[in-house]
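Look for chain A in each of the two complexes below; its partner is chain B in the first and chain C in the second.
After this line comes the complex of A and B, so read on.
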């Protein structure tokens, strides 16, 4: 078990290293650095000013050296301006330039500085991940129970009318990407001129101008049913169909097993068969699928957070990429690797507990 | 805002007034010119025999908080600001020497009055008395001189004020003896050449007046200013909160700072997200509305305000890049485009047709030229005669809705004339990398109050923003001459030739002058759209 864990962690570090090298290379191409200088020092500055800005802000060294600085294995850059003031990667972190550490990178626990948000990357990522965490939590609360319920209901009597109806619904929801369903929901629920809201107002059932808020920015200060429903439902609906399909497939398979037939012959009620005998075995496959949904959710939140202007991890990723915020993008890459591999690890370990026949290592 | 009337009335001002009465000069143009010479607004109206318009039809109410949609960008040194939004956030505490008003006049803010010598080479500035910084220091002439010196320093990357202070600078910094501090509240500028725009330039958004202790890059982190507000929070890409400063007595107390609190929300660049936020009541006023969304925001019950401006889209050729180094090619492409059609298709007819020379009828020195020719057949022949019949031209634009639409309609007309052209749309993140050197592309230009100003910034040989790579000896000489003629009618004679050169040389296709629009909820007052995008939230109020 320990060997298995160590191998997985090693794998995670290796993947993160490869990915960050790639991201670092792509974001440090000369054209990208020029974009960065122009967003930082003025869109209309000249080429000479770009060069001097890059030199003064530590982008002058060769790429491997700067990657080393970021990792914390190469001393951070220092630039002395003509009037004698020192600027440098590590100097900004200490009150007195003389006391600044030589190395300041990932190994020293320093994630770098976000040029877009003008703040330490560590605190930007922490705040934004927190916001996305709230979104994911609510998505899971909505998505998992409803998906399992739909899957089990559909799968326990394969081919019945209930199965056909629920399966069709699940396929439709999986087949509708977030950028379609999100826009449809906004038009239908969050517009005072079209969709449901004007109708409800006419009937006197609605006091506010719209049924749900089509913009989730206010959820930063306090999550309400009013401002969080649409983003949560948009993500949940997409994942729900997929999990429901998996649960149904697993359930139908279990329902044809010998031990279910035995239970039936034994005279157990249908309800008892489903709840006691079928459910646990049927949930093994969906469990893995649910765990795999986490990385997939990271994908979905990019679209949904931008659409509803909710500043979470996905939104940050878009902002960082759009403004070539190098160190923030690197941190995003590391976080994404950790989330993907960690959830897979949990899913593997959880599998063992759900299915005693499986052994790790 | 009050203004002390200067006792000495500039002689040109009386002349302008006579012209204005005779109908030779628009009232708006008269106001810009007269006030630039140091004549106060009431006095300027007085010269026309009119009373200055009452400040507000409705009485502003004190209190309340306002939520406004606006981009929040990472802050930096004010003189290097490249977006009006950067300035707008700080307007509550960083004030200006003078302000450019919606009616085209200049009004005094931290200056009480100013006077130009008759040849526009010497300016006397009187600093308003009784102004204090919010750290308790009184504002003095030395502080103002310090700011002017900062503006003149061209060694700072991206300091766009340096170009505007050319007449008092030397070797990229303030010329010795250019500023004379007469007493605590008076200073005199000695210009090396006449410059009629120097005071107007001090109303431009990077000219925010900072405290002498300001050295850093971030005016939000260290908010020492003279204005009535102070920042509470500022998060790039998300929003900013500003509140009335309870520990500071504003010099203009009682004439503004009605709101207790202003919240800026950055909801991204997609107007449909703004619409959703307006619908749910999260936003009460927008920064700017464009294109099809103007009607949509009307429909949800917001009130529209309009500002007529000299802002435009310059679809310019870069004369360093073949085939645009050939004047016949440039002229031919101009001939293929009917600017009226571009205005209609590219900007929903929300503006005035322009004439390819980047001088606007609202500029005081604008000279009327014969109408532009539109002859697609001749355009094709000219292109063929240059051996470019099979050449595929490429027109580049940013992926902004109205800018892309405008370039699409320019390209469509060129294509209709039988000339091959390809459209390329670049995302905002990469577009600005090469905006100066694209062979054929479009750039958004905001307005400047005087006609010579944009010509100085963008078309004089070798200046930093000369994206057309236009270098014309006669043009430079005449422009230099125009810069020294305070009288707009005399200047117009030179200007006429400048405009003709711009057209003859086929510098750019400049299809229209934009009108700008802003939407606000009906209970928001004093927040009309400003021609230079100013958000002076100290004048806004809610009922």
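After this line comes the complex of A and C, so read on.
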């Protein structure tokens, strides 16, 4: 087990390293750097000014060297301007330039400086991740129980009318990407002129102008039912169908097993069979699916956060990518990759614990 | 002129879709008539779900084909006074053209209905082809990885997992930008990715007709001539006759979508190969002295077709969603483009006041993906039955 874990963690580090090299390369292409210089120093600067801006801000060194700086294995850049002031990657971190550390990179716990938000990347990522964590938490609370319930209800009597209806519902939900359902929800629930809200107001059932809010920015101060429902439901809906279908497939398979027949023959009620004998066995497969769903949720999170302008991790990623904020983008990539690989690991380990027939060799 | 009611709008839309209805009726009549002779395709017509899905997919396919006949206006044409017009608004000055904006106008006074119809063409031009490419690449790499195993398998799986660990949207933001087009990276990627189908077909013919050199040479020659001709045109935009070609933007989108899809297909094919490899008929083939590629392509692949066909349908739907995502973030497409993703993105700014410009393409995209999912479900049901 320990060997297995060590190998997986080693694999994870290698993958993360490869991906950061790739992201670093793609964000540091000359054309991209030129865009960065123009967004930072003004759009109308000449090519020579672009070159000197890049030189002054530490983008002049060859790419592998700068990657090493970011990683913390190569001394950070230092630039001395004609009037004698020192600027450098590590100098901003210490009060006195003379005391600044030589190395400051990922290995030293320094994630870099965000050019878009003008703040340390570490703190930007931490606050944004917290916001997204809240969103994910609610998505999980809504999505997992309802998906499992739908799957179990559909799968316990295969081919029945309930099964047909629920399965079709699950297919519809997997066919509705977040940017479609989000747009539909906003139009129906969050508009004061069309959809449900004016109707409800006419009937006197609604005091506020809209039923739900189509903009979740206020959720940063305090999450309410009013401002958080639509983003949560939008993400949950797309993932729900897939989990429900997996649960259904696993449930129908379990319901045809010998031990279910035995339980039925000994006279156990249908309720008891489903709850006591079938449910636990049927939930093994969906567990892996739920864990593997995280990377997909990450996509949904990006779309929904942009759509509802909720400043979380996904919104930050889009901002960073749009402004070619290299170090923020690298941090986003690292976080995303770690999330993906960690959930894969948890799903593998959890599968072993849930299913004693599997052994890790 | 009066503004149209919803009944009249739908009646008029149904009239516009006439070529589609005719095509649908013809295909369904023929298929149901000969369904016993058509194999898996014929069996699809035994399943209600499959038939509904197929009808929806076919609807959009015909819409894309006959888009010029169906569209009532120029999808890029802007008419004064029709900004954010509600559905069914009559044109102030029809001038011999169609008299109404059936589904209203968008924020730049363009016809929403025509843009939706033309958007179908944009989507169906890329999604099935990109999926097909992803499949050919996944198969060409997945078969040997699963069959031979060993170091080849380890390294290919590592690469596939590498791509899969990347958040799709981050990848799109890095790959689908004008700066990347300038560097020529999409072209190099296309150069590698587009070579795979040619390799696939060449190996396919070579392994099958190895003992009939004359036939083999003919097939391979035809594949190479057409393949390399298309290759030169599509990947390098250097077709001497100018038949094949893709604009750099479309190529960029195409390559990105193929790149995202291929590793998943690779994993599926690899898993299936490892499963089928242990069957008796493969052992029999090995004992007879059949070549590895013959076994892979002509023994294993046909026996893996069921799950692959089902996944193919699902994956076209997924690719459609990905293209929509690209449009939604405004990546890789021209801002005027009528494709559904960017139309949704355009419409969402005024969503709470004028929802129709965003809702129409949203429902169109959803129905196409739903149709593909239902079709896959029907196919899965029918292929499991035998």
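We take it that the second predicted complex is superposed on the first by the 361 of 361 C-alpha atoms of A that agree within 3 Å, B and C clash if a C-alpha of one lies under 4 Å from a C-alpha of the other, contacts with A are read in each partner's own complex, and residues count from 1 in each chain.
What we mean here is this: a residue touches a chain if its C-beta (ideal position, glycine included) is under 8 Å from a C-beta of that chain, and two chains touch if they have at least 3 such contacts.
Quick caveat: nothing in here was measured; it's all calculated off a predicted structure.
Peer 1: Which partner chains sit in contact with A:213 here, chain B, chain C, both or neither? Use first/second/both/neither.
Peer 2: first
Peer 1: Would you sort A:45 into first (chain B), second (chain C), both or neither based on which partner it touches?
Peer 2: It touches chain B, and chain C stays clear.
Peer 1: So, A:347: does it touch chain B (first), chain C (second), both, or neither?
Peer 2: Touch status of A:347: no partner.
Peer 1: Who does A:323 touch here: chain B (first), chain C (second), both, or neither?
Peer 2: It touches chain B, and chain C stays clear.
Peer 1: Between chain B and chain C, whom does A:23 touch in the aligned arrangement: first, second, both, or neither?
Peer 2: second
Peer 1: Counting only touches as set out at the top, which of chain B and chain C does A:35 meet: first, second, both, neither?
Peer 2: Once the two structures are laid over each other on A, A:35 reaches both partners.
Peer 1: Taking the superposition on A as described, I'd like to know which of chain B and chain C A:299 touches: first, second, both or neither.
Peer 2: Once the two structures are laid over each other on A, A:299 reaches chain C alone.
Peer 1: Name the contact category of A:146: first (chain B only), second (chain C only), both, or neither.
Peer 2: neither
Peer 1: For A:118, using the defined touch cut-off, is the partner it touches chain B, chain C, both, or neither? Pick first, second, both or neither.
Peer 2: Once the two structures are laid over each other on A, A:118 reaches chain B alone.
Peer 1: Could you list which residues of chain A make contact with chain B in one structure and with chain C in the other?
Peer 2: The overlap between the chain B and chain C interfaces on chain A comprises residues 31, 35, 186, 190-193, 214, 306-307, 322.
Peer 1: Residue numbers of chain A touching chain B in their complex, please.
Peer 2: These residues of chain A touch chain B: 31, 34-35, 38-46, 49, 52-53, 115-119, 186, 190-193, 208-210, 213-215, 217-218, 220, 226-227, 306-309, 311, 319, 322-324.
Peer 1: Could you pull out which chain C residues touch chain A in their complex?
Peer 2: 49, 158, 161-162, 164-170, 173-175, 179-180, 182-183, 317, 321, 324-325, 328-329, 341, 344-345, 347-348, 351-353, 355, 358-359, 362-363, 365-366, 369-370, 372-374, 377
Peer 1: For chain B, which residues are in contact with chain A within the complex?
Peer 2: 74-76, 80, 82-83, 157-158, 160, 218, 235-239, 265, 267-268, 272-273, 275-277, 279-282, 299-300, 427-430, 432-433, 435-436, 464-465
Peer 1: Which part of chain A faces chain C closely enough to touch in the complex?
Peer 2: Those residues of chain A that touch chain C are 15, 18-19, 23, 26-27, 29, 31-32, 35, 168, 171-172, 174-177, 179-180, 183-184, 186-187, 190-195, 214, 295, 298-299, 302-303, 306-307, 314, 317-318, 321-322, 329, 332-333, 336-337, 340-341.
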